[in-house]
Amino acid sequence: MNGSISASRRAVLSAGAAGALSALIARAAEAAAPAAADAKLYPTAAFGAKTEVAALKLLFGKAPKASSKIDLGVPEIAENGAVVPVTMASGLPNVTAMALLSLENPYTLACAYRLAPGTLAHMSSRLKLAKTTKVVAVVESNGALYRTSRMVKVTLGGCG
Amino acid sequence: MTGKGGCVKHELRILALAALCSLVPLAARAAPTAADIAAGRKIAFTKTLGNCIACHVIPGGAQPGNIGPNLTHIRVLVPHRKDAYAIIFDEPARKPQTPMPPFGRNHILTPAQIRQVIAFLYSHK
Amino acid sequence: MANPILVRAQTAHGVTTVACLVKHPMDSGFVKKAGKLIPPHYIEVIEFTHNGKTVLTGFWGPAVSRNPFFSFAFKGGKKGDTVGIAWVDNKGERAAVSAKIA
Amino acid sequence: MRRWLLLLLALAAPVAAAAAPNPAADRAAFQGWFRHLFPQLPLAKYVDGPYNFSASERAQWQQIMELPPYGFAVDHGKALFDARFPDGAGYASCFPHGGIGIAQDYPQFDPKTGRVVTLPIAINRCRVAHGLPKLKLTTGDLADIDAYMVRTSRGHKIDVVVPDTKPALAAYEAGKEYFYSRRGQLNFSCASCHLQYPGHRVRGDTLAPALGITASFPIYRSKWGNMGTLVRRFIGCNKNIRSAPDKPDSLAYRDLEYFLTAMSNGLPIAGPGARP
């Protein structure tokens, strides 16, 4: 399974690097949209939490165990704290939810995802990190919660 | 990036010589206090003040730049504080191609602030 | 086109990878402009569908970067299938887009 | 060190000699200097700027380029470029080849006005010729149109022409002098950072080499959160060194862009770009 993910990701990377933008990017009018996002689903309280423990309690109702089966990809030094590329992936079975937390941000929870069956535990996004911080990735697998963390230093600008 | 160490040392020797001939007023002053050192540290590490860390490795400073010489062993590189004062005050006057700003001449720092920075830099053994 | 979403959906080896770039300020509420805090304005819920069926629901806070990039993958999906993306933000503004899998 | 000083003198000294301006010789020396600094780095790679000097920064950049953050600007720029003016004409009517794939030929020297015309300024001249007001030269719609036009020119080799005429050479020389002149409270020239210390770090920031620096503009800068033209960056640089910036359409910036881009002749257009 992992092999197929990396193969498809490589294909995306190479297409994005040099290819014309237009060929691969589809657009449609808003009216044609099939999906609607439901604001009522938003876990407002969890996003207001100031600690990892509180955020996870509000989001999942439980506490995580450390796991070596979560890959958290972050730069050691982020070139710009406003746009820090973060990837998370996991080989754990039956992943139903994933989340990212940044412990030094004003609010701890950065983003959370609910996965349908068949959706891979592999995603990449970009976060704002206010300052050098520990970033935590959390995975819900077979009903249990797992976590791993990594430090990210945020570049200190020299002149501008 | 490599092989510049020798150049830097050579430049510093020239600097030190030049500084000896300078006319920087340096009356005998009281030994720097802990408050001077703390103030100098703040100036060295603050972008809007001296921002020395932008170009120099300095003990205690995160993510230093690498344009200027490492100041960890400034006592060896520039044995006399009055020479350091001359360098910080107006380095381009003695070495036209230096990127080092003339902190004193251009009023980036006051003489008192320069002395505080020196107190901080020389506080590292 | 007020709030465009760029989407790239490609299938290979039985896995469809979706990458998107969403135009949105994602204002955190902690940044000042001309001495005044810019009020928070960020996407809260983003929904991804495959032929109308939800494959992933994302919940975002103000720590997600401006003009967010996001990519993920799901099993299945054929060339020509439809991937839908829809979001709603904390002010109730919405946008949605659909794209064909290439 | 000695060679370094010699080169700087050769480049930096319009004062030194009454020698006639010679852009071709300057360019050979300029590009030679960078070859000397980084013998392993092919010239075409200079357009990647700071990302040649840090594997980690390059990896982050490549991740960001998966769906580049300037995508919206290019799309918006294309829509603006394709729109008709009230008189029925469009931007395409103002440029050779309908404005497509021509960014490598800018800036140009306009013998009629005796001034350097950058691509953003040419876009504004087109608007004025068709009765429309000028756009802001630093960011916004004009940067987006610029981004689209540059995007259609990607890979084309920069080919800035300095005609062998007195006024054109004077503009070139003025740009060169600006590049090497110290200014601001911090007393830096453009060359202080981008010629003397490319690849070095100013605290956490990596200094981009002057060679190829113009090839990625306009840029989406994460720090800005939107697009900016080269002139926007000039203004930012001047503020950083605590020097009063010039006006976006000033002769000083036009001439500087003329000189700086001419030094990169032969390198490929890589813009629009993404930078931290």
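Each chain gets a letter, A, B, C and D, in the order it is written, and its residues are counted from 1.
Just so it is clear, a residue touches a chain if its C-beta (ideal position, glycine included) is under 8 Å from a C-beta of that chain, and two chains touch if they have at least 3 such contacts.
What you see is a predicted model; the values in this text were computed from it and never measured.
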Practice prompt. Name the most central chain, where centre means the mean of Cα atoms.
Written response: D
Worksheet item: A-C or C-D: which has the larger count of contacting C-beta pairs?
Response: A-C
Item to complete: Could you tell me the distance, in whole angstrom, between the mean C-alpha positions of chain A and chain C?
Response: 13
Worksheet item: How big is the gap, in whole Å, between where the Cα atoms of chain C centre and where those of chain D centre?
Response: 33
Worksheet entry | chain B and chain C: spacing of chain centres that average the CA atoms, whole Å | 50
Item to complete: Could you please state the distance in Å, as a whole number, between where the Cα atoms of chain A are centred and where those of chain D are centred?
Response: 36
Fill in: Multi-partner residues of chain A (at least 2 other chains)
12, 16, 25, 77, 82-84, 124, 126, 155-159
Worksheet, complete the sentence: Within chain D, the set of residues that touch 2 or more other chains is 64, 66-67, 69, 71, 201-204, 225
Worksheet item: Tell me, which residues of chain C touch at least two other chains?
Response: 4, 6, 8, 19, 66, 69, 71
Practice prompt. Flag every residue of chain D that touches chain B in the complex, lowest number first.
Written response: 1, 5, 8, 182, 185-188, 192-193, 196-197, 199-204
Worksheet item: Hey, which residues of chain A end up touching chain C in the complex?
Response: 4-5, 7-9, 11-12, 15-16, 24-28, 30, 32-39, 41-43, 47, 82-84, 102, 105-107, 109-116, 118-120, 122-130
Worksheet item: What residues of chain D sit close enough to touch chain C in their complex?
Response: 64, 66-67, 69, 71-72, 75, 79, 225
Discussion item. Show me the residue ranges of chain A that touch chain D in the complex, using the header's touch definition.
Written reply: 12-13, 16-17, 21, 25, 75-80, 82-85, 87, 124, 126, 155-160
Item to complete: Note which residues of chain A are touching chain B in the complex, please.
Response: 77, 153, 155-159
